[in-house]
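You will see two complexes here that share chain A, one where it goes with chain B and one where it goes with chain C.
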Partner chain A sequence: MVLRFLRSSPSRFMIQWLSACAMAIWSTVLCSPALSADEIAIIVNENGPLTHISRAEVRDIYLGEIRFVEGFRIVPLHCPEGPAKHSFLSTIIGLSSKAYKLHWAKKVFQEGLTLPPIKADPSDIVKWVKEQPGGIGYVPKELAEMDRGIRILDTIEIIEH
Partner chain B sequence: MRTVTKSTLIRIRTGGAQALLLSMSLFFTTSVMQANAAELFNPEEKVETQPNLIAIQQNAIDDMRQRLQRLEQRGQQGEDHGVPTSVETAEAIRPQFGVNLGVFGDINYSSKNREREHQAFSIGDLDFYSTAEYGARINLLAELLLELEEGGENILDLERLWVGYTFSDLLILRAGKQHSALGYWNKTYHHGKQLFLTIDRPFFLAFEDDGGILPVHIVGIELEGAKSLAGMRWKYEMSLGNGPMIDTVGKVLIPNNTSDNNNSKQIVLRLSSTPARCPGVTLGLFGTTYEVDTTAKAGLEEAILGADLSYLNSGWEFISEYFRLRNSQDHADAFYIQLGYTLFEIMTPYARYEYLNLHPADPYFMDLQNNSDRDQQIFGLRYEIDHLRSSLKVQYRRDDKKGAKTFNMTEAQWSFGF
Partner chain C sequence: MKISIRTKLTASFLAVTFAFILCLSIVSLVAQDLTTTIGQMQEVERKVELASHLQLLVNKLLQPANLYLVTGDIGERDNLDRMISEISVIIKELQKQQGDHEWQILADRVNQDILKLSEMLINVMFIDHPVGNKEAAKLIRKANLFSEGLIEESKKFDSLSGQQMIKMYEIAQSKGTRVRIAYYGTIAMAMLFLALLSFFLSRYINRPIQDLYRGVQLVASGELNHRLSIKTRDEIGELAREFNQMVEAVSDMKKDLDRRLEETWHLAITDALTGLYNHRFCMEKIVEEIRRADRYDRPLSIILADIDSFKHYNDTHGHLRGDDLLRLFGSVMKRQVRDADFVCRIGGEEFVMILPETEGAMAVQIAERLRMAIEQYPFPYQEAQPGGNLTISLGVASYIKGHMDSQKLLKSADDALYQAKREGKNKVVTLT
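Right, the complex of A and B next:
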């Protein structure tokens, strides 16, 4: 009877809806400025060319100074504004969010480059990095540790505002 | 057809790697069989040999798997950026120009100054720009300026237009019209005044048609590249293009956009470095040489050498540049120092000193508007309405020119960039 109920169309719809809600809540919790993990991990593709780069090189990648490594196009990803991004920018890049945006405004106008894309869901960042040899991003450390196919390059503590 | 050939190649490459993987496995299987045969004669060695062999095999297989994965990813990336797949075709043929379209502008107020007889409001130039990127390596930038001249005339001026191809970080090739790499300011800032800390450029770095003394634009090719070495980020920018000409009647430099009035070509080179331990610091050395016809001397060989030092970090903005202009008969010196510090992320008090020293008999300056010693002192405040989009600037400027009246001016600007 339970199986019959689960197989019926309304219940399937309900299960899908509940799964979607659970995913959304999970994503919101991970990306929320108020509720975030204590540490974030900088991740790269396990088989890509970025497995042994330094913090200074990560900085240069996010500033648009390094764009190619071993023939691969490097694509850095950001998460939306919040403590994770703030901590990453201040610890690794050494700039505030405003100063970072201004740097890129000049860069776009000067060199015709495109800003690093933003992905709202950390699991999308992990997925992207797994698929792209030149992918690099930062996600909650717990999430990074769960996944295979990526390498944790460095971890930083989240600085609360 | 090209797609099919490329995919086939990738398949062949992948297939080749798989075959190699198979051969390696076969080789190791044979090795294991040989080892097993040896164990029959030396049973004591079995315990030690077998785990070693398994570990070696596992490492080799892992290594091969990683290589195969890299090969597949590289093939996939090459395929994506080389020839679009059928799904991406529609996206690929859609025009890219204008997708990223921006505009800069400014509204100004100035008390009576050297250029205007009365205190006045003025609309600054309207600057349209667009950038486009296709794949990982090709990009384009176009900058078109709508200038409102006194008397109501409107002029459209193509300020920059270049197409670039990135071979690697060490070699980027661009062709077209661009800002010459004469120092930090000219390469970093263009016509968008929203990006300047101050209301305007240093007077001797003014654009050619605004009475500038330096060839700030160049039409030709540019090579650019950067590399990290010995704890420093090194960068070179090298241009080869048409040199400027001088309009002796209008007393302005003119970039030779569509042709050149002589066979001599202008060469520009700038080398700069940023220490990894001091983010925000950039030190640059630059130079150029070109030939111009002047009233006093035809085919005058003019050379410019200079250095720039900048620090932009932790709210500080310090920029200083020095230029020496020399020819066979004379030389001139110019420099500026600019300092600003941002408070509470919205207010930046700033100061700048600009200086030009020359000899009136210099054949290069005799045909230009700025042909006597001049210095300017500027003190101002920039307020961010939105730190990226719009700002208000108010400044006091003292303009002191040898043999001419000194002006003390109050200026204001509302600049924007969208």
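Right, the complex of A and C next:
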């Protein structure tokens, strides 16, 4: 009886639809921290050279002005386009996304720098920062607090727009 | 100055090694040159590759902006970042390429243009409501036009690297020809060198050894007058010189030995007192002459002579004078016979003359001449002899084929001599 119900085509469509919805919600919760988190944390490697830097220094790092500290190559990481990035850029860097991009286009073609990499998954950012002494990034605060081997430099609030 | 075989061989070996290394280094130098050119060609190939890649990426650079205008997805901004990263890598590599001034200027200009294009695209992508936005469409058209110009510009990379490629290809071809020439030249040189080497080895080592062998063979077969004429200044030459000295010594020794043998032979067949042939020679000679007479059917005669009353002379004047007399007799008799005849002293005062090729009558004539010569010769102290003169008696015998041997011939002569003595001495008698 149950099997026949499951095999009937409307019910099968319903199950598929429900599972798709569930997956969509799940992935939204997991992958878009901006929706579920109020704050983001700027994180660095616990044993790296960046544990005691100021906001201004974070800004310089993200603008490509500081590239080496104590002999370590500094790699700033970004999350994809979204509220988290937008908040980070406007709070810490003081630039709009557009202005930031234009700035980096000049850096790339005139000074030969490489663009800060973009990691789609925040846990990838955590992993990278844990492994690289010169790594620096920003992730949802809960995610940062869960992990060892990284240090939270600063937290900022997410500005919705 | 001595040059040993070892030195020669070592020198040859060194020369071969040196030539080999020389040839190898020449070929490798030329080949290395070619390798360098091939490396440069690969660089140029890389340039061609980069130039085509650049055109592709310029097109890709436009994609996020175009998509943004269609979908309005702000995620395309991240894609633009990715495209910018990719194209910047290519641009950096293009700028790094070794090239002429023109290439560098072009690379810098293209770099500036791509920056400009990127800025244009960023401007497009931060228009807030892009879908259906006329302003945005205008901007993107401008960007597209600009990118077409950029692609045209970047095609100049192709022509530049193409020219370079053709040049490199020509250079590589000429260098390849040079490698081939060096390769075949080296092989030819190596063969020539080996031929020369084998010639020298055979001339200065092999041939002297053969000469030595042949010379030693000759000398060993008894050619003591042969001398080696090897003039090389190595061990073989020394050996030849020593060998020559040895042969010289052996040759001297042999000459000495021959002379001594001759002397001994002479002594063995000579009567010591008179210098005439002795008894032994006489007997052997008669046998030999009989054999010859038999074989060629020739006549043969012998004369047996005996000094009359020699005992009386000896007793009267002593042995020394007797010996002197015998010597004198010998010389007189020798003077009376022909060169081909043999005069022998076979006993105390008995003499035999062997006359080959002589008939009985002729032998009698010779005997008579001899008898007269002795009769008339003024021998010292001959007055004391019976009859006041020194004389001889002679018996002549001729060989008769088939009836005689040497004993019989001698017996016949002896009989004739006995009869001459009996008939009063100073006579010639023949019984045949």
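Operating definition for what follows: the second predicted complex is superposed on the first by the 128 of 161 C-alpha atoms of A that agree within 3 Å, B and C clash if a C-alpha of one lies under 4 Å from a C-alpha of the other, contacts with A are read in each partner's own complex, and residues count from 1 in each chain.
Heads up, the rule we're going with is that contacts are C-beta pairs under 8 Å (C-beta built on N, C-alpha and C of every residue); 3 or more make two chains touch, one makes a residue touch a chain.
All of these numbers come straight from a predicted model, not from anything done at the bench.
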Item to complete: Using the superposition on chain A, decide if chain B and chain C clash or fit.
Response: clash
Worksheet item: Given the touch rule stated above, what does A:Asn47 touch, chain B (first), chain C (second), both, or neither?
Response: first
Worksheet entry | Partner chain(s) touched by A:Val108 [first = chain B, second = chain C, both, neither] | both
Worksheet, complete the sentence: Of the two partners chain B and chain C, more of chain A gets touched by chain B
Discussion item. Under the stated touch criterion, which partner chain does A:Pro133 make contact with: chain B (first), chain C (second), both, or neither?
Written reply: first
Practice prompt. Classify the contacts of A:Lys98 with the two partner chains as first (chain B alone), second (chain C alone), both, or neither.
Written response: both
Worksheet item: Which partner does A:Glu57 reach: the first (chain B), the second (chain C), both, or neither?
Response: first
Item to complete: Check whether A:Glu65 is in contact with chain B, with chain C, with both or with neither, and answer first, second, both or neither.
Response: first
Worksheet item: After lining up the shared chain so the two structures overlap, which partner does A:Arg73 touch, if you call chain B first and chain C second: first, second, both or neither?
Response: first
Item to complete: For chain B, sort through 273-281, 291-299 or 381-389 and name the stretch that clashes with chain C after the overlay.
Response: 381-389
Discussion item. Per the definitions at the top, what is the overlap between the chain A residues touching chain B and those touching chain C?
Written reply: 96, 98, 101-102, 105-106, 108-110, 112, 114
Worksheet item: Which of the residues in chain A come into contact with chain C in the complex?
Response: 80-82, 96-98, 101-102, 104-106, 108-110, 112, 114-115, 118
Fill in: List of chain C residues in touch with chain A within their complex
74-75, 77-78, 80-82, 84-85, 88, 91-92, 111-112, 114-115, 118-119, 122-123, 125-126
Item to complete: Spell out the residues on chain B that touch chain A in their complex, using ranges where they run on.
Response: 66, 69-70, 73-74, 77, 81, 100, 102, 129, 131-133, 136-137, 139-141, 162, 164, 166, 168-169, 187-190, 192, 195, 226, 228, 233, 276, 279-280, 313, 345, 387-388, 417
Practice prompt. Provide the residue numbers of chain A that touch chain B in the complex, in ascending order.
Written response: 47-48, 56-57, 59-60, 65-68, 71-73, 94-96, 98, 101-102, 105-106, 108-114, 132-134
